[in-house]
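For reference, the structures are reproduced in the following blocks.
Here chain A shows up in two complexes: once beside chain B, once beside chain C.
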Partner chain A sequence: MNDNQSLNLLDRALGLDQQSRPWLLSGRVVLVEDCVESTASFVLHHLIKRSLCLNSSNVIVFVAFANPFSHYDRVLRKLGCNLVTQRDNNRFFFFDMLMLQCPDGDEGKSEVGLVLLYEKIRKTISVLPEDKKSHVTVMIDNISLMEVAANGASDYVLDFLHYCHALTSEFGCSLVTLNHEDIYSNTETPTFILQMEYLADILIKAEPLATGLAADVHGQLTVLNKATSHALGSSRNKVYNFHFKVKENSVEYFYPGSRG
Partner chain B sequence: MAETICRTLRDGGLEGEHAPALAIKDSVASSFGLDVFSHVLTQLSNYILAGKSQSRGLVVVAFRRSPSFYVNLLKERGIDVNHKWIRILDCYTDPLGWKELLNVKELSQEASTLSSICRDVRDLDKLYSSIIELGKGLIGQEKGRFSVAIDLVSKMLRHAPISSVAILLSNLRSHDQVSSIFWLLHSDLHEVRVSAVLEYLSSMVASIEPIIATTIGKKGDLENLSWLEQNFRKGKFHVRFKRRNGRVRVMCEELHAELSGINFTSVSSEDGIINQRLIPKVQFNLQLSEKEQTERAKVVLPFEHQGNGKPIQIYDGRRSISDNKNEETLVSTGILQTDEDTGKGEIIYFRDSDDEMPDSDEDPDDDLDI
Partner chain C sequence: MATIKPRLSSFSRNLSVVPSPQTLGLKCGPNGTTFVSSGIPDLDKILGGGFPLGSLVMVMEDAEAPHHMLLLRNFMSQGLVHNQPLLYASPSKDPRSFLGTLPSPTASKDDKSRHSDSEQDKGLRIAWQYKKYMGELHQNSYSNKDDKQVFCNDFDLRKPLERHYFSAQRVDCVGIQDSTNLVVLRDHCATFLAQFSRTEGSSSCAGRIAIQSLCAPQCEHSKMEWDMLSFIKSLKGKLRSSNAVAVITFPASLLSLSSSKRWQHMADTLLSVGAIPDEDKEMAKLLSGYQDMVGLLNVHKVARLNTQVPVILEATTFSIKLLKRRFLALECLNQAPVDGSSGSSYGTSGSCSGSSKTLDF
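Coming up: the complex of A and B.
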């Protein structure tokens, strides 16, 4: 019950407000897109916190290209979640990929690094007890750095994402990825980001306000939820839009115009 | 009209002709492609099971979704899924052979009895022979035909050039045991020429377009958001039929996304939608109804010779030579008439042009040189 009260607009948009088991994101692909002016890593932090909260049995496999463990540990500690304990309890698996550099050169060689990463993720999930497999969230922070690690071979990254997508249907786990939208904005046809959008069931976009900077509002989130929800009464294909303000140890979400 | 597509696929092709082919194309702004694909798949499955179609079986080539997705989809819609009429070529689970490389054991699923796995989608020759093999397995030794459904050609195009994909599709179409074929394409992932090539290969093209063309939240202002919301719920559904004699017919419908699938509704006219959308709901009428419009057209204006054969003249503030001439004749006829019948007069009236409204902030004496 206590949990219910702490639900915010983001949770509602993702459909996490319905008290149903299993975990509502299971089998779904969530894509978080952000840009330089407003970073959306707080969405990932929020999802980590939601997954690891006391009365759930979710497991996170976190693939970090952007920051070391200590960074996430510090952020999540402020949010009231101890990642070290969760890691010791086998509920938080952290893959430090900061140093991953796929071998360059011959055709197919840079693929190997990603194949091995896939194997690592798959193994981690498959050794979990049967009842936990569908409660796994694979999180990747972030795809553009993965592309860098793969020497810019975006095709291999897409292959990797396809295999991760296959994991969601095989085990019923969920996949959450973060990517920067604006780095693809120059290309005439931003095929890579489009491919990712096609894969996603839920798309979360973080943007600055159209009206410019504001002290009380840090940006806006648009959530496109195209997943078919089997829960009664919910219709498919919904769009949510709200503003956010990132604070020291929490994030406020509110409807445009309801604050300040 | 979505019905027409399904019926054409059901009826199949004639002996010695290419099988009818449907290309479904969508874009990220209106990504209902998979829904339309599922709709056509369900309809065709119904026809096959009821024995109404030319084809006796269906081969689904699954790139985008897992075989179990399709099995569940058909089951949810009350269709009996068994190996007698459907086979799935699984290009989803392990398209590049990574799992084989890593010695991963496949979990046995219900769908695996119906599906066979393809571990290298880059080899299109092998893919082609697997499809034909599965189809032949379905119909056995009998003389019959089967249908082929490819759920995402875009995935195929990532691993193979357009020429080989075109050869594959064309070979499937001309195979004498293929009754009909349909596929899905995300058109914005490819160059225009690629989708053009694929459209040439098909006899029907169903394209799904957004209701309102918009760039998704370039700067997410609220107006854009409501458009986005509209596009997210429904889309325009255009179908182009190509007849054997070369005649092309285009039809348009609107599709709505719902929990149970998609619905098609007919669109009476484009204007209807625009009017509904642009005009806000008010208590009074801003527009005339059709009846009111016809009634207004019938109203007889005073001092105009109404429909007695002469052209109606409208004074627009200037007079050209032809106007002068007309006036002279009018005047002369007037004189003639007065001569003949002195008891009557005639009013010569030129109606003022409607669009010459007096401009309120213009000084009428502006050109006076005082």
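Coming up: the complex of A and C.
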């Protein structure tokens, strides 16, 4: 293919440069972590753009807790991807969960909202034509707000994620989630985030520079790609580390010190 | 003064390109957002125009000092002056009495005299050789102020707001101390925000919500962290689809660390205020104008609606000053001049237009 040129460091770190499969993330779980100082939502935007524009058969199921459709539409339009068209073509399914609030109180009731959400996702995927099912990406922005919607019942959220994980093996679709790491770093046993990291095949972490915010470097990304080990037959995980600068129509990725 | 043609900075030139605001107190911003003023001209400038409609602003309080009230008062006053409906919630017994402490806008005449006055003050402080440069600088900021006169007023903290501004039925006050949960406040917010729903078309009017000390320990809900979080989440969800801005102040130190992080993630614009110790000799030596400072303001996050590009400010810490004990002003921290014997100056000096500056070499 001729688009090898347009692949950037992040794509390479994710393994998108290999042509073996139509959509290399299929069957994989990706966890994106960020913190207050530097948000990583641009990684989600990038993945949306990659999957909707490069390969014509990909479908995205987007579960939004953080922002309304108009926000993503504007952002993606600047990246060169029209979400409204994709939505009309049934390639982008947007679930607005901004106002989702599971009823609290009685035990067992608060999971109802999440169960319904899972049913909705599953139904959306299962009615897709057979050839598209394995090209589905389920994206959740973001998990910490989902916890709030579940009134802090982290176990239900984990259950939900496990169910979604089961979808990846059932249909071969991929799961991309965003979470804020610094919420958990202060707790004694960050079980929740550890479980999520364990589930993930690819871990993308966005951090600010240790020297503080700068206009030229917005932060650094660490990509841990666990699954490359199987492909290469080695047991070592591959870690990629690079800086980024977010712009309206693209994101620049570069190795530390390679600019300037 | 008026005969000199003001040299326009790039900022005000952009303003003339943007279609003029249809309504008093609203200004078009980038990415299809609309700004309302924070009530502090300097803060508007720092944030790139003001608070965008649909955003949630959070202010982390200093547990020992009431500096957040300064921000809150100006925010509320500005809304009332622009005739924007206001919802105010506070943990005090009688929230409505707080309206009596709101500052009053200065007339434009006072404003002018104030500016030329302060210009003279500043002129005295700097070496005479640099006076001509300072003059230029001031005219810039001066012309900016004139452009935005309608958008953002200067408030005189010593003069209470005239009663006719808030005697109208547009102000709703809620006490959150006695209610055992946040259902009452949530309902108030929901009915308030229903007036400004974006689906109704024109953005003719904007609403303001000011919530003071949401997790104050005297409130019964302060123990229910998830309830407060879900309240903020639902408020933010509703804000996104309405023409309104909410400012919530909260004592971050009273929340658990992970909860506090969650709150900070929820905020679109995140500020924090802090007091400075009275007689800190070290600091006084390090920073110029230390005597005039009343506190520090930190900008942690600037709202980025409809865009993925983060806003990187030149400086994130500003000093809160009271000019002539009346007007709230924010300035960059400037390093005090060091005498030659004490060695090299290593720098915290940032730059900020229109502030009184020590010129370092």
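In this text, the second predicted complex is superposed on the first by the 247 of 260 C-alpha atoms of A that agree within 3 Å, B and C clash if a C-alpha of one lies under 4 Å from a C-alpha of the other, contacts with A are read in each partner's own complex, and residues count from 1 in each chain.
Note that contacts are C-beta pairs under 8 Å (C-beta built on N, C-alpha and C of every residue); 3 or more make two chains touch, one makes a residue touch a chain.
Predicted model, so just to flag it, every value in this text is computed and none were measured.
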Margin query: Touch test for A:122: chain B only (first), chain C only (second), both, or neither?
Written below: first
Next item on the list: Identify the partner contact of A:154: answer first if only chain B is touched, second if only chain C is, both if each is, neither if none is.
Entry: neither
Checklist line | Partner chain(s) touched by A:239 [first = chain B, second = chain C, both, neither] | finding: first
Next item on the list: Considering only the touch criterion stated at the top, classify A:8 as touching first (chain B), second (chain C), both, or neither.
Entry: neither
Next item on the list: Could you tell me if A:226 is touching chain B, chain C, both of them or neither one (first, second, both, neither)?
Entry: first
Margin query: A:182 in the overlay: touching chain B, chain C, both, or neither? Say first, second, both or neither.
Written below: second
Check: Should A:215 be classified as contacting the first partner (chain B), the second (chain C), both, or neither?
Finding: second
Next item on the list: Could you say whether A:250 touches chain B, chain C, both of them, or neither, answering first, second, both or neither?
Entry: neither
Margin query: For A:207 in the superposed arrangement: first (chain B), second (chain C), both or neither?
Written below: first
Next item on the list: Can you check the complex and tell me which residues of chain A touch chain C?
Entry: 36-39, 41-42, 45, 65, 67-68, 70-71, 74-75, 78, 98-99, 101, 104, 144-145, 148-149, 151-152, 180, 182-184, 186-187, 213-215, 218, 246-248
Note to self: Give the list of chain C residues in touch with chain A in this complex.
What the structure shows: 31-32, 225-227, 229-230, 233-234, 236-238, 240-241, 256-258, 261-262, 264-265, 270, 300-301, 305-310, 312-313, 316
Item checked: Parts of chain A lying in touch with chain B, wherever the complex brings them together -> 115, 118-119, 122, 155, 158-159, 162-163, 166, 169-170, 189, 191, 194-195, 197-198, 205, 207, 210, 220, 222, 224, 226, 228, 235-239, 241, 256
Next item on the list: Sort out for me which residues of chain B touch chain A in the complex.
Entry: 28, 31, 65-66, 68-69, 92-96, 98, 101-102, 104, 107, 158, 186, 188-189, 191, 217, 219-222, 225, 228-229, 232-233, 257-259
